[in-house]
Amino acid sequence: MIFTSPALSYTLLSPILILLGGALIGVLVEAFVSKALRPVVQLTLSLGTLMLALMQVWRIRGEESLTPAMGSLVIDGPAVLIQGSILIIAIISIFLIADTEQFTPLAAALPGSAEERQAEQAGNQVTEVYPLTLFAVSGMMIFPIATDLIMLFVALEVLSLPLYLMAGLSRRRRLASQESALKYFLLGSFASAFFLFGAAYLYGFSGSITFSGIQAAVVGGTGNDVLLLIGMSFLSIGLLFKVGAVPFHSWTPDVYQGAPTPITAFMAAATKVAAFGAMLRIYYTVFANAEWSWIPVISAIAIISMVLGSLVAIAQRDVKRMLAYSSIAHAGFLLSGIIALNKSGLDATIFYLFAYGIATVGGFAVVTLVRDSSGEVTDLNRWKGLGKRSPFAASAFALFLLAFAGIPLTSGFIGKFSIFSAAYENGATAVVITGVLSSAIAAFFYIRVIVLMFFTDAVEDGTAVEIPSILTRATVIIAAVITLVLGIYPAPVLDFITDLAIFIR
Amino acid sequence: MDASNYLYISALLFTIGAVGVVVRRNAIVVFMCIELMLNASNLSLVTFSRINGDLDGQVMAFFTMVVAACEVVVGLAIIVAIYRSRRSASVDDASLLKR
Amino acid sequence: MKWLSLLMLLPLAGAAIVSALPKGNDKAAKQAALGTTLVVMAATIAMAVGFQRDNVDLQYVESYAWIPSFGINFALGVDAIALVLILMSTILAPIVVLAGWNEAHGGRWSVKTFYILILVLETMMIGVFAATDLFLFYVIFEAMLIPVYFLIGGYGSGERSAAAVKFLLYSLFGGLLMLAAIIALYVMSGAQGGHTFDIDKLSQLQMSSTTQNLLFLGFFIAFAIKAPVWPFHTWLPDAANSATPGTSVLLLGVLDKVGTFGMIRYCLTLFPDASKTFTPLIMVLAVISILYGAFLAIGAKDIKRLIAYTSISHFGFITMGIFAMTSQAQSGSILYMFNHGFSTAALFLVAGWMISRRGSSTIADFGGLQRITPIMAWSFFIAGLSSLALPGLSSFVSEFLVLVGTFTRYPVHAVIATFGIVLAALYILIPVQKALHGPTTPGNESLKDLNLREKLAIAPVIAIIVALGFYPSPLLKVINPAATHVISQMGFTDPAPSNGGK
Amino acid sequence: MFISNTLVYLIALPLAGAAILLLAGRRTDKWGHLLATAMSASSFGVGLYQLMLMLDRPTEQRPASQKLFEWIHVGEFKVDAGLLLDQLSICFVLLITGVGTLIHIYSISYMSHDKDRRRFFAYLNLFIASMLLLVLGDSYLNLYVGWEGVGLASYLLIGFWNQKPAYATASKKAFVMNRVGDMGLSFAIMIAFATMGTVSFVGVQEQVSQTSEAALTAIGLMLLVAAAGKSAQFPLQAWLGDAMAGPTPVSALIHAATMVTAGVYLITRSNFVFDAAPTAQLVVVIVGAITLMFGALIGTAKDDIKKALAASTMSQIGYMTLAAGLGPVGYAFAIMHLLTHGFFKAGMFLGAGSVMHGMNDEVNMRKYGALRKFMPITFVTFGLGYLAILGIPPFAGFYSKDLIIETAFDAGGAKGIILGITTLIGASITAFYMTRVMILTFTGTKRWDGDAHPHESPWLMWLPMAILAIGSVSSGYLLSRGDALENWLYPLFDHSDEYQKHLIEPIIVSGMALTMVAIGVAVAYFKYARQDVSSTAPEDVSIFTKVARQDLMQDRFNEAVFMRPGQALTTTLIATDQAVVDGAVRGVGQVALSSGSALRGLQNGYVRSYAAIILVGAIALIAAIWVVVS
């Protein structure tokens, strides 16, 4: 047996390598840098890593390769776009994570124990959240460019495991936070098991663990369709779980609510991008020729996601839960981009993902601002009159809500328009009509929040808006600007996406 | 012996695991059920590897084991934290977040 | 000269100036807003002067690539219909600003914000009529809900936020239906020679009659909600009741016209066959609107709701005229849109002054105003007469044209609709009697008559109402070619005199 | 046709007067009434000048027209702002401006104590202008403008003292009922345009021969509805009595001499339509006959002097309508009666105003009595009017009314006999109630309260009364001498079916009429002059009197048939709008909200149930696969 060293294209892989390297250095920093310096060092390190990775992504735009890592990964236009989106979202999320007020000083300490108080008084900070974030980002970067089942599974776990932990790090309401971590972990592993089982059957169907092999089997139509269908379904369960589509959505509200808000922001935005990035690649290339089998199923899932997400969101009293249900509805909208199965669907989905991700981070960023003496206030009733107390926070939040609702002149509208027209092009009339109608329902609760903020008199209960740092403010502003610009003049971005977004097989 | 029998066993194990997740309360047991599901998948992988006559499936099974080990680390950390703060490993007790 | 984009930029520039003003300087904000709207009005008039009235093509055409990958252009252009409506909007704007000089003070937010919203809204009002790209139209159609929403919810009275929400949700719902139809059109255009939103090109799409009917409904329901046509009207009374008078004027006078404008520009042009299919139904809805609105107005206890109900009736006339497919009815409808803007403006503005003086909008709280505040009372009375379409005032010309034009093709509808004029007399004279006549009720003795500013605001409105009543020719000459063009595009010609079957 | 460029001044002058007085407001308080009177008078002057010009022209060129500007041109619907002055309209022009000016003069004094006198004069001028537009417009649509214009002026004048709720209601009632009539005019115009493609008088006249009788009948009937509204004819008569709420000069001008005769003008003007639509004509006659009896019967029971006169007006216009419905023979007589009636009824109304002026605005005749001594001039002028309306030769009414009765008989057959007898009975009842008015007001014993100081009115008031009295005496003779009016109007009407010889000799008809009048006078004399009259209305009266006092139940009828159901409908619709239409919308919202709340239940917080949901999803997928595969 001759051992040939693997041929790796380091330039194309550099963004991922940089991230992994940064994450490992972060671990070392935890070990060797003094407590006082750690926050600054970690923040700088993470930001630097992310920026560098983003620069590398920018540099490799337009490059295409099926074999940057021996056929396990692929770099093409969509890959670059998804990776870029993830990095941009990660950067503005890091700004939020930098607000250490949000995190418990000592994750190991019992909630409410003396130990915890001591740690708090000592000014301890869980700086390990930075390397965790970088690891998660690395997983997210790999997930949409993986081209074999092993890579896909490993990437899925690499992105998930740090998130499970990060969900449990909240400083306030630690019990809830830990609970959310538990739920996220158990359900996530549960879904992973389905995913893996599906992967096994796909392997059984095609005799290959590479996407190209599976695709060839699908095209050839020689394999056992039952194996294909089971494999496809169970693999999809894993993916649909990650994007939070009904009926695999149940973790979303609880985890979104329980996790520290900066983590929720990061998770809600970046995971969705990564997971949909992977779905796009899998459905547009691997399963494209089996569309007869999955389009009806995904359509049904899209429809119930949109409807259920919108309906239940109406009844929410907690802003984070409401955004969670809204994200379920958005998962439905995004699935119509998968159903589209055409070039415009691909462009539209990528655009939508970016626009939605940015607005989501912006929205949660505003949530972190609204506080009382014991921390964040997420009860919507206490958001009354926010417009008077902080026009900045309230108008920004209103803008993000309008973007979620898909009101023209926000990015959400362009996204919705393009994704629905792509789906309609592929004959998904029912999905489009449900999408439009559930947008109307969705508008109902977005507008209700706007009413609360602007048209309801404030209750004096100590709820105030605090801007913890320039970074959080920057997040809100950047997100708002992007949301507006993409709504008013999206042409450059759209053209950029259209030019780049071509899958290579 | 027909290789497909291993597939049936795998499916059965997977089902047992899945049902276990739903019916058992203890977080550790739930987690073990999930591990059972992962191992059921491994069994399938290995079986398919055998049927197909290549090693990809077996390689993947190894990866799965590694990943499962990682999951154990993370999972136990979380479960222990919960147990410490709640003095209970029942997943039903952790139901603050709902509706 | 790029007239239309200039017109759209001017109010935005004004808004920028207002927002740059120091905090608390309300007077400067008002003056800047008034100045801006006056400049816009002057510019619109200057543009209108150069309009070639016998040319039925779009004029002052401009087009800039906006989102090329979707075939979307920032394309502007006006035909006579759009021109007339833009003219109406920009003339109303300074009047609203002047008339509502103090109405921003009771609001949740600063006076400055109020005028920024008004100016942004003005840009959108111009844009929505000038857009010749369906996507651009839709964007403005939806986006203009936002400033109105904040104007109602932030500066209105009573159940203002509930009314604002109702307005917004209702409109959004209609808008989303239209969006679905627009998506379908867009996709079809892609399949038939390239993605486009150009109305001309879209009107040449081939589609099955079922598709056409469904898409027509998507558009029509949106416009029927906007207009509003029975039974999609229930948001209007609430909104008008809660909004400030100035906002109500813009809402009923301008925004609602987008609905009827859309029916002509989009429903008829894009779906001629479906329009014909649905005409019988729409005619019935229109007639119901006319009578229903009138009856509700008769029973209204609140003066603002009353005016809103009268508008439902009037929009019934407009809708009926649009679908009657005769040149008289069509011209009449277009003229009606213009005239209604002013008569409703007059009613709402005067009602607003009455309400702000009395502190109540219940009709029964007034009484004997004619003797206490004669000028205010007269203004209201004349506005009311215009609303009931008294000959010699502008609405008569348009209303009669609609009726006579409808009669030649749909005699039964026209006859039933004509009963509306008796009801109109009731719904105007009942409040006139209760509020202006009779003995002075307690609490009214010391009301002040209109001041100079208010007189300056109402005078041009009344002047326009009277002038166009006696001499509508200048407008009709502009409107007629466009109206005839619409009819002939639909393949209709006016019915010849029947000689009663002899 | 002759083109004249001065016709517009007829309208422009009073319109300018109204505009100046209304716009300049209180600044014109001092001299406003003079300006208004001058404007009216100048318009009369222009009218006379136009008459002179017209007399100078040969018969066929007498009509003059003036196109002012293009008004409404859309497609084939072309209406210009154009005026037409022909032999018919000049009669009205002179009546309107002539009587109008007199009433202006009268009002200077009558309204001198009212602080809003200027406004009153503005309205009067507005009315004159609108009325002139009505009779001068060269198309139905132009006429319509004037038609509603007089409605507006009438509304303003009836409600001049609208601080009294009843008066405000009366004005509203008048306007609304008029609008019902206006609707008829709208219909007529629409039908005319749809069938003939034109709405001008000339155009319609030309098209009549090409148009089916059905269409013409429809137009005719709709014109009749319009006429009934404006002229207080059955069934739209109910507003006239209430309209007496306005100041008395208004009643004289609008509700006696001019506006209420607009219906007669409209029918006469549309002679070409009616001549070709015999059914419509018959209905006109029937409406006229019913109204003349209706008004007369109401007149017998009224104690309010103005309402008695109003009822009489209604009845007299019934005569005119009846005459106009009799075709070419009747048009001229309708116009003649209209003119003479304009003099004597205006005179009597002014007389009534004079009496009220002296009696602290008391209108109840039972509180009058023996006023002859205190107001001799009023008594004389009123008396001359009385003689005229009775039709005593040689007073004006004799000529005009007798001609109508004759023509009615001449209609021939049963129709002729019924109409003839109706007109005769009407004449008798007229004599009865007018005599009653005379007796109650001027003779017998005084029944007024102590604080009334009856006195004769100042000269500004009695002068117009005197002039009108002269008209009451002489106009009939002048107009009928040598069939002057008939010949004057002759070219306008279609005489293709020239009327036959009189069926009954005129002298016999006159005899019958005078007999009937004498009976009426005698009954009244015995009932009121020979018995004491109580100062309050007796309660123990026959059911007929009670019904007549209530205007023959007209208001009750309208209330029961239109008003109450209308109100009920309004209330129902408002409730429906809230509950059903808006309810449906809110219901959709509620359904969304409650289903959202219900679905929240799925999220019960137990991680195991979440896993179960995922499992259910997985099972569903497997089931789907199973379905696909098998």
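Before moving on, here are some points about what is shown:
Going in written order, the chains are labelled A, B, C and D, and every chain counts its residues from 1.
By our rule, a contact is a pair of C-beta atoms (placed from the backbone, for glycine too) under 8 Å apart; a residue touches a chain by one contact, two chains touch by 3 or more.
Here the structure is a predicted model, which means the values were calculated and not measured.
Considering every other chain in turn, the ones in contact with both chain B and chain C prove to be A, D. For the criterion of most C-beta pairs in contact, the winning chain pair is C-D.
Look at where the CA atoms of chain A average out and do the same for chain B: the two points lie 25 Å apart. Centre-to-centre separation between chain A and chain D, using Cα means, comes to 79 Å. Between chain B and chain D, the centres computed from C-alpha atoms are 96 Å apart. With centres defined as mean CA coordinates, chain D is found 37 Å away from chain C. Multi-chain contact residues of chain B (touching two or more other chains): 18, 21, 30, 91, 94-98. Residues of chain D found to touch two or more other chains are 589, 600, 603, 605, 607, 611, 618.
Residues of chain C in contact with at least two other chains: 169. Viewed as a network of touching protein chains, the structure does not reduce to a path, ring, star or complete graph.
Taken together, the chains touch in the following pairs: A-B, A-C, A-D, B-D, C-D. The residues of chain C lying in touch with chain A in their complex are 65-70, 108-109, 135, 138-143, 145-146, 150, 153-154, 160-161, 164-165, 168-169, 172-173, 176-177, 179-180, 183-184, 186-187, 190-191. Listing the residues of chain D that touch chain C in their complex gives 22, 25, 69-77, 81, 141, 144-145, 147-149, 152, 155, 159, 162-165, 168-169, 172, 175-176, 179-180, 182-183, 186-187, 189-191, 193-198, 207, 210-216, 218, 566, 569-571, 573-574, 577, 581-582, 584-585, 589. Considering their complex, residues 18-19, 21-25, 30, 91-92, 94-99 of chain B touch chain D.
If you check the complex, the residues on chain D that touch chain B are 600-601, 603-608, 611-612, 615, 618. Only residues 7, 10, 14, 17-18, 21, 27, 30-31, 34, 37-38, 40-42, 44-45, 47-49, 51-52, 54, 56-57, 59-60, 63-64, 67, 70-71, 74-75, 77-79, 81-82, 84-86, 91, 94-98 of chain B touch chain A when the two sit together in their complex.
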